[in-house]
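Next up, some structures in structure tokens.
One chain, subunit A, appears in both complexes that follow, with subunit B as partner in the first and subunit C in the second.
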Partner chain A sequence: MILKPQVSEIKNIGYYLGRIILGIGFTMFLPFIAGLILFSEPNPALDFLISANIAIFIGLALSWLCKTDRDLHIGPAMVVIALSWLAAMALSAIPLLLSGHYKSFLDACFETMSGFTTTGLTLVQDLDHLSRTHNLWRHLGPFIGGQGIAIIAILFLVRGTSGSFNLYLGEARDEKLVPNVMHTARFIWAISIAYLILGTIVLGLVGMSIGLKPQSAFFHAACIFMAGFDTAGFAPQSPNILYYHSLMFEIVTIFFMVIGSFNFNLHYQIWTGNFKEIWKNIETRTLLLVIMIVTLITMAGLRQRGVYSDGMILFRKGFFQIISGQTTTGYMTIYAQQFIKEWGDLALTGIIIAMALGGCACSTAGGIKMLRVGIIYKAFRQDIKSVLLSPTAIVVQKFHHIKTMFIEDKQVRAVLIVTLGYFFLYGLGTLVGVGLGYPFLNALFESTSAAGNVGFSCGITDASMPAILKVTYIIEMWAGRLELMSVFALFGFFVAFVKGR
Partner chain B sequence: MKVKSAFFFVLLCLALIISSSSCFAQVSTSSDLLNNAKQYDGKTVNYKGEIIGDVMIRGDHAWLHVNDGSIAIGIWAPKTMIQDIGYVGDYHKKGDTVEVSGTFHRSCSEHGGDLDIHASEIKKITSGSSVIQPISRKKVYIGTFSLILVLLFYALKKFFQSRGDTSRI
Partner chain C sequence: MKKIAIFYTVTLGIFWEVAYVVVIIGVGWLFALAIQFIR
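After this line comes the complex of A and B, so read on.
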């Protein structure tokens, strides 16, 4: 028998949702202040004042009406997380809609969901004339969503350790870097801000050396860093990274994309001096191996089609796109049309594999994740060994991720469920795309890009695409970022609400 | 008869000249160039649009980006060719509209495989301008009103909380 959620449970969800919405509202003051003071853009700044007030009003109302002292359990926490990402999408879309650069509220919602989930697919119109204030918000989205919306709430607005930890878990983060979740949240933000400062300085200096004026160089640097480290792939100008026409800019961007796709736990180890962890960790090893395989496939495809005559050019173009796809960033140094018109099926398959597998767990990257790929490989090896060896032999398989662990069936089951969930998502978007008349490979490419939170486009994502496809991609991005569990919890909550007794 | 033939011959020549000159001046769109990049590769093209973003000076050349309303393509031009450029488009400005004549590269060997146009001529069609955006009174009113509403609501919440009166909620 399904039990109907109690009023106290609903109030509990409402309270925490309200606190997170408050957090979203407060973050809108950043572009408001920057728009007024730094960019001299009063109208865009006002868009953020209005939107912040709406968010804060809703947040205050919810947290007042649903005030509770109860701590949050894991189930309701997942519902809170799933709802808070939808709320963040809708509320953050208001200033974008007010900018006049989006054809509809749905388009603006698509953009903000794409930003928060660090995907990078865009429906903006005339990006090259978008205000810096709105552009800053587009890039702040990934920086907030990449680290986690709930992480901000945990830091500033939420009391109670168990509730905080459950919120943290709900956002597809199951690794605590330090025993206390508050300290974990602090570390994640501290490391991100430290890298933000470093990245902005380095990219700003490179920008100046390639001919950008100082103010422009540092604005571009901050935006590119936020969307690069957080593996989102947004850029302030429409040609994306191709805009800069610079090898140095590409190399620095590759560096930040790669470290952005690393597990925060690995960052913690590096920052505490344990450099050996980079080489011992199953995720970095798997990442390296997958990149090598995907590079081979993609390069073979590009060579087969004779896309680039020069070997160095082939490597530069191919490798940038591979790293961008593998880290699920989505930065491009080619145009979307070139993927389909020039790259060919084999090279595209390589990129699709990279996008589908993604970066590391507990990072800003999307996709199935390297930890899961590594564990599946080890479990597969264990099973083959069991078949080959004597039936009485006990086969154990170990892997190293921060510490050395034995593979357990329970763990493999959990990994396979999430992996299957991702394949379901990739298939869902492909099915809708094909149903709407797009070619299979194009539909698969775009769907994998959306559900894997990558942001590459082969040209399907456009303001003129059918609304049903926009909604499908929004669901894919949302479910992909939350690794499905919170979305299932929300679905279960609604079923219980309607059918429960 | 000879006069008639001569007349038709002159007409034919004129028609040929007009048609060939219109062929030369035919402007390609970004979508044309990207969708048929192989056919255009290494050919001289004419491309028209608004200059956007930044002009990035690199030695005696510069990078600029021309957006034809759909996609912005990188133009590599000698510095001397861009001296006439007054406005580069962004939020505050409408950039100059130019017509670029130059060699289209699907994958430029000089620039790491970038798709670009090496300009041989840049002609300013219309000059850009500053875009004056007066402060929207409507936005000021809504922003101020909503801020007051939020502050009042917060004060009300604090008031009820200090009284410990939660029965009204």
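After this line comes the complex of A and C, so read on.
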């Protein structure tokens, strides 16, 4: 029998949702202040003042109406997380809609969901003339969403240790860096801020060396870093990374894309002196192996078609896209149409595999994740060994992730369920795309890009695409970022609300 | 003294992360160079 959620439970969800919305409202003051002081753009800044007030009013009203002292359990926490990502999408879309660079509210919502989920698919019109204030907000989205919307709430607005931890779990993060969730949240932000400073300086200097003016170079650097480290793939100019025409800029971007796709727990281990972890960890080993395999497939496809004859061009056009796809960033040094018109099926398949598998767990990257790929591989090895060896032999399979662990059936089951969920998501978008008349490979490419939070486009994502496809991709980005569980929890909550007794 | 030790460890940590990416870029570079000679 399904039990109907109690009023106290709904109030609990409303209270925590209100606190998170309040946090979203406060973050809008960042572009407001930057727009007024740094960029001298009072009109765009005003868009953020209006939107921040709306968000703060809703947040305060929800917190006041649903005021409660109860701590948050895991089920309702997942519902809060799923709803807070939808709320963040809708409220953050208001300033973008007010910019006049989006054809509809749905397009602005698509953009903000793409940003928060670190995807990078875009529906902006005339990006090259978008104000810096709005552009900063586009890039702040991935920086906030990548680290986690709930992480901000945990740091500033939410009290109660178990409630905070449950919110942390709801955002598909099941690894605590240190025993205290508050300290974990602080460390995640410490890593991100340290790299933000380093990345902005390095990319800014490279930008200046290729002829950008200092203010422009550092603005571009901050934007590219935020969207690169958080594996989102937004850029301030429409040609994306191709705009800079610089090998050095591309190499530095590769560094931040790969480092951004690392597990935060791995960063913690390395930054606290456990340097050997980077070479021993199952995720970094699997990542290196997968990159080698997809590089071989993609480059063989490109060679077969004779697209890039020179090794250097093959590296800059082929390998850059492979790393961008594998880390689920989505930065491009080619035009979207080139994927379909020039690359051919084999190279495209290589990129689709990279996008589908994704970066490391507990990072800003999307996709199935290297930890799961590694565990599935080890489980296969264990099963094959069991078949080949004597029936009485006990086969034990170990793997190293922070500490050495043994493969357990329970673990493999959990990994396979999430992996199947991702395949379902990839298939869902492909089905809708094919149903709307797009070729199969194009639809699969775009759907994998959306659900894997990558951001590559072969040309389907456009303001003129059908609204049903926009909604499908929004759902894919949202469910892909939350690794489905919180979305299922929300669905279950509604079913219980309607059918429960 | 403690702050200097933390700075030193973090800098070394970043160095090892960068070293890992250098290996990845090296692999890509080698593959790109090797494949251009294969017909």
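Note that in this section the second predicted complex is superposed on the first by the 501 of 501 C-alpha atoms of A that agree within 3 Å, B and C clash if a C-alpha of one lies under 4 Å from a C-alpha of the other, contacts with A are read in each partner's own complex, and residues count from 1 in each chain.
The rule we apply is simple: contacts are C-beta pairs under 8 Å (C-beta built on N, C-alpha and C of every residue); 3 or more make two chains touch, one makes a residue touch a chain.
This one's a predicted model, so the numbers in the text were calculated from it and none came from an experiment.
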{"item": "Partner chain in contact with A:499 - subunit B first, subunit C second, else both or neither", "value": "neither"}
{"item": "Residue contacts with subunit A in the superposition, subunit B compared against subunit C", "value": "B"}
{"item": "Touched partner set for A:319, first subunit B, second subunit C, both or neither", "value": "second"}
{"item": "First, second, both or neither for A:255, with subunit B first and subunit C second", "value": "second"}
{"item": "Which superposed partner A:300 touches (first subunit B, second subunit C, both, neither)", "value": "second"}
{"item": "Which superposed partner A:291 touches (first subunit B, second subunit C, both, neither)", "value": "second"}
{"item": "First, second, both or neither for A:310, with subunit B first and subunit C second", "value": "both"}
{"item": "First, second, both or neither for A:272, with subunit B first and subunit C second", "value": "second"}
{"item": "Doubly contacted residues of subunit A, that is, touched by subunit B and again by subunit C", "value": "309-310, 312, 314"}
{"item": "Footprint of subunit A on subunit C - complex, ascending", "value": "9-10, 12-14, 16-21, 23-25, 27-29, 31-33, 35-36, 38"}
{"item": "Residues of subunit B defined as touching subunit A within the complex", "value": "34-35, 37-38, 52-58, 62-63, 65, 67, 71-74, 89-91, 106-107, 109, 111-116, 133, 135-136, 139-140, 142-143, 146-147, 149-150, 153-154, 157, 166, 169"}
{"item": "Touching residues on subunit A, where the partner in the complex is subunit B", "value": "41-44, 46-47, 49-50, 53-54, 56-57, 60-61, 64-65, 67, 98, 128-132, 210-213, 216, 237-239, 242-245, 247, 307-310, 312-314, 316-317, 333-335, 337-338, 341-342"}
{"item": "Subunit A to subunit C touching residues, read off their complex", "value": "194, 198, 251, 254-255, 258-259, 262, 267, 270-273, 275, 278-279, 284, 288, 291-292, 295-296, 299-300, 302-303, 309-312, 314-315, 318-319, 322-323"}
